[in-house]
């Protein structure tokens, strides 16, 4: 039994142990540097692979939703399709518009990818598997996220194309507007956890009463926070139905209209990596990070749970993308300022009340009411204000 | 190890650059940016003094910087909106051309 | 002076100097973002993690973007094609250099500034939070008020008058 | 001077310092643009994202259809009509055949009329499903509704292929009837398709109709008033969405539409949502007509034996034949001088006429609304440019 | 309730997603080169020339009447008449096309040529693999490439072809009967001539069934 426990523990820590083992061959002075390089390489490889898999998954999933097969020609079940896409984008001609600001045009995709990868520094992917346990980890994450806006602006502005500029303006307006609810939605967790460190937040959730974990999503404010966070995250990562910055039927491809070849692929990569990072943050904050959903499943390695949760969230993203039409700019802004912001603020209040009420049934009822009732009221209020409804039609004769 | 001196020198250099920008640029936005830069230089000073000061555990320098950053953000927002309002009136952000008090 | 400090210092100075010197206003703001990021990293080097990240969040994420927006909105042929020589250009530079000379002289001659780094003080987010909520609660509240006022003020000032009249 | 100021100057808009900080941006949406439904260009002048002026530019697909037809025998232009509105070839065939039959005074046998109604209504079904799919595509629904529409359309196109030999370029109608009779088993197959269609419509409706985003995007967008619709000569589902009770099937009593019980849905707002809903409801009515027609179809000849294929020369005169096409009133005007070629051949394309009010619908709206409004007009460039 | 419609839509796509693994109706894609849709009998794409028997030159039904050339709306058929004559399926001496070209890059598959042909000589093919990198050579089909046997025609359009065959057989039978009658008449005449010892001119066979128009 103890043998088995040891084995599962080793399996859980396999990457940590391997890294230690590798580093033990190096001189002490080089160890911190090599450790950092190793972690960065591991993260880049893991998430770049996930990116490749996700593009395939997305295309296949969308295909199935639309009654098609999706890519199934390159390799078994189309598994090598991302590889083929990569080769294609690498061999394509790199076109830079003649009036473009070449330096900025070149730097934009690089900055986007760099910024989107930097967020992973604070994401605990498994037990003891975090690059830097920063004291202000969550703040770091959001600070890095704001760099992406700059990259988007650089791309849109430097292309000297009207569509690019329109797309960049849309993107920045959208990202700034949704950063507010995104941060405010995550503040509730910080209030409850009393820490900005991602590791501390996950550790707090990785405890169990009975078989149930103490994930923050299983509280009224946590659930509301999670829902709001995910909506804001969808908007932050420019995913459908908030994909206005690259709404192809309106403004071609938005801020990366004038990109081609590998730079285009970099934008694609950066966007997906950013989406994974935001989803990873949602998992860390609300879904217990790497912790298992039931106490009897803790023997499964922690990183498995992290990626399982990540893939689940990605699938939901794909599902939503396959279903919903795009919002319009003013509707997007209205949603951010008239629904998301009041709801997040209210959620803050709810969390405070939850914190100061005694544990028990009453706390649940009060807090749930505080979240659900305003949500419904606000929703129907908006609906009423907009006056949209399902109409009935009459027939002549 | 770095000395306090090096940080202070850097900060004074940044302050001078900001000052030079604020004095020479004609675009109102860039002047505002120069002023922001001067504020940043001051912030760097605060942090450096906090770090090398006698009582870092009191966090006064950090607090000062945090408040100063918030004020700078507010300043930037109001300043830029004033520039926008002025631009709408006079169709320029060139400070040399905004020479009339007539509103 | 360590190499990392040198690198950061050069980065910051280069960024800010470019921000003040380049002709294209958008380039200026992009260079400025670089300078702000450099300053943020200097904060990190000094052990002020929270302030460093706040610096990035506020200056790179908000102020730079705001400035860029303002430039885009005021973008027209007149203001973009500013002549780079200015009547007071030389004078401004001379004043700035003079200020730097005075400051540098003061810093170098001061005995207080020569001290080397004491051991790393702890400035965790928790401590900052406690300080904000206890000792600095009054300034914090005032700051909140100020930010609200600035928000409303900015909206009111920037609002299009034509929209108002409708 | 920048393009924006040039545009402002050329359009004689309000002077720059009055328009505040907003600058005008002129963009050419199309001819290479993902959502212009073919090679169509809209020169849009934008104030921010608001449309200040919109100028449709077309003619990229012009191929001289009318002049070609005047140098072609009457039968020879029949395959060309397939290519007008390539989404619905059979109704084009029908309108042209109707015009020639009027010109030459040809009677159409009973069974052929039924065949025409069946194929025509099937065409309407596939046109409307696709249109709604395209509309959703323009709204950014990543193709899902479009794929469902195409899945359904494919079944109908298979029916067309089994009957006429081609999926899209059917060339099926002949003066005085139809070219071939139904192949064995076709009617059963068609009955099955039509019986399955309401289920598809239910699915489609549950995917779309009550979707809040869709309602928000389409309701009160691109409102076409009843007066404007009438004075601009708008026809088809677009006019009916604005509340104009005008369905040529009911007005002209052409063919055998009098024998079928069907209703004409009317909208009250005239916005994009109404246009979309009217088409959905029309499909249900078409299913009704189809079921009745397939039940009642008699045996008999399919073509008037008196009409000749070769050497067809109608007496001098003129005729205008029109039908209720899926997109609106589709009419052909023919003048004969007794020769084998028409002296004058003119098409009244619903797409073109419905397109004329594009600017009125788009002014003051967003870029995002333009594509939705254009999508809801339902144009096919083959017909607009001819 | 806000969000209801969105949830309904999500349920719909989920149903389609899982349905595509179960139901054939929901996954209608045909994996083209490996799978093919069954050939629909009425399908048509480009015209071809039918010949009877084994030799395409000998059995060519086309008599170069040029009706199709005249009636073709996009004018994609080019015919040159032959100088000499050859016997057709009914044994009658006919001219034949010395050149018969169809430019299928112009052809719009309207099948008007088929409708107007009085000799059932031109029919619609179903061969759609016509792509080529030679734009001018490969898409201009000459007489040889256009010629396909009657068996092929029977294979691709069985219903239509058997009707045509029946009609032709009927005509042939009629013709044979006529020829027989003529032969009898001729024999009688010859007998008479022999009796009269008078040389008779060789009577030409009757015009075959003729233009159906």
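Per-chain numbering from 1; labels A, B, C, D and E assigned in written order.
In this section, contacts are C-beta pairs under 8 Å (C-beta built on N, C-alpha and C of every residue); 3 or more make two chains touch, one makes a residue touch a chain.
Every value quoted in this text rests on a predicted model; they were computed, and no experiment measured them.
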A-E or A-D, whichever has more C-beta pairs in contact: A-D
Remotest chain, chain B as reference, centres from CA atoms: E
By mean Cα position, the chain sitting nearest the middle: A
Reference chain C; chain at largest CA-centroid distance: E
Centroid spacing, where centroids are CA-atom means, of chain B and chain D in whole angstrom: 62
Distance between chain centroids, defined by C-alpha means - chain A, chain C (Å): 29
Gap in Å, rounded to a whole number, between the CA centres of chain D and chain C: 60
Intercentroid distance (Cα basis), chain E paired with chain B, Å: 86
Shared-contact residues (touching 2 or more other chains) in chain C: 50, 54, 62, 69, 73-74, 76, 160-161
Interface hub residues of chain E, defined as touching at least two other chains: 2-3, 6, 9, 12-13, 16, 26, 28
Interface hub residues of chain D, defined as touching at least two other chains: 20-21, 144, 148, 151, 207, 209-215
Contact set on chain C toward chain A in their complex: 26-27, 30, 33, 49-50, 53-54, 56-57, 60-62, 64-65, 68-69, 72, 124-126
Partner chain E, residues of chain A touching it in the complex: 61, 64-69, 319-320, 322-324, 376, 379-380, 382-383
Chain D-facing residues of chain E, complex: 2-6, 8-9, 11-13, 16, 26, 28, 40-44, 67, 71, 73, 108-112, 115-116, 124, 159, 213
For the chain B and chain C complex, residues of the former touching the latter: 1-10, 12-21, 23-27, 29-30, 32-34, 36-37, 40, 43-44, 47-48, 50-52, 56-59, 61-63, 65-67, 69-78, 80-85, 87-88, 91-94
Touch list for chain C against partner chain B, complex: 1-2, 5, 9, 12-13, 16-17, 19-21, 25, 28-29, 32, 35-36, 39, 42-43, 45-48, 50-51, 54-55, 58-59, 62-63, 66-67, 69-71, 73-74, 76, 78-79, 82, 86, 88-89, 91-93, 95-97, 99-100, 103-104, 107-108, 112-118, 121-123, 127-128, 131-132, 135-136, 139, 143, 146-147, 149-151, 153-155, 157-158, 160-161
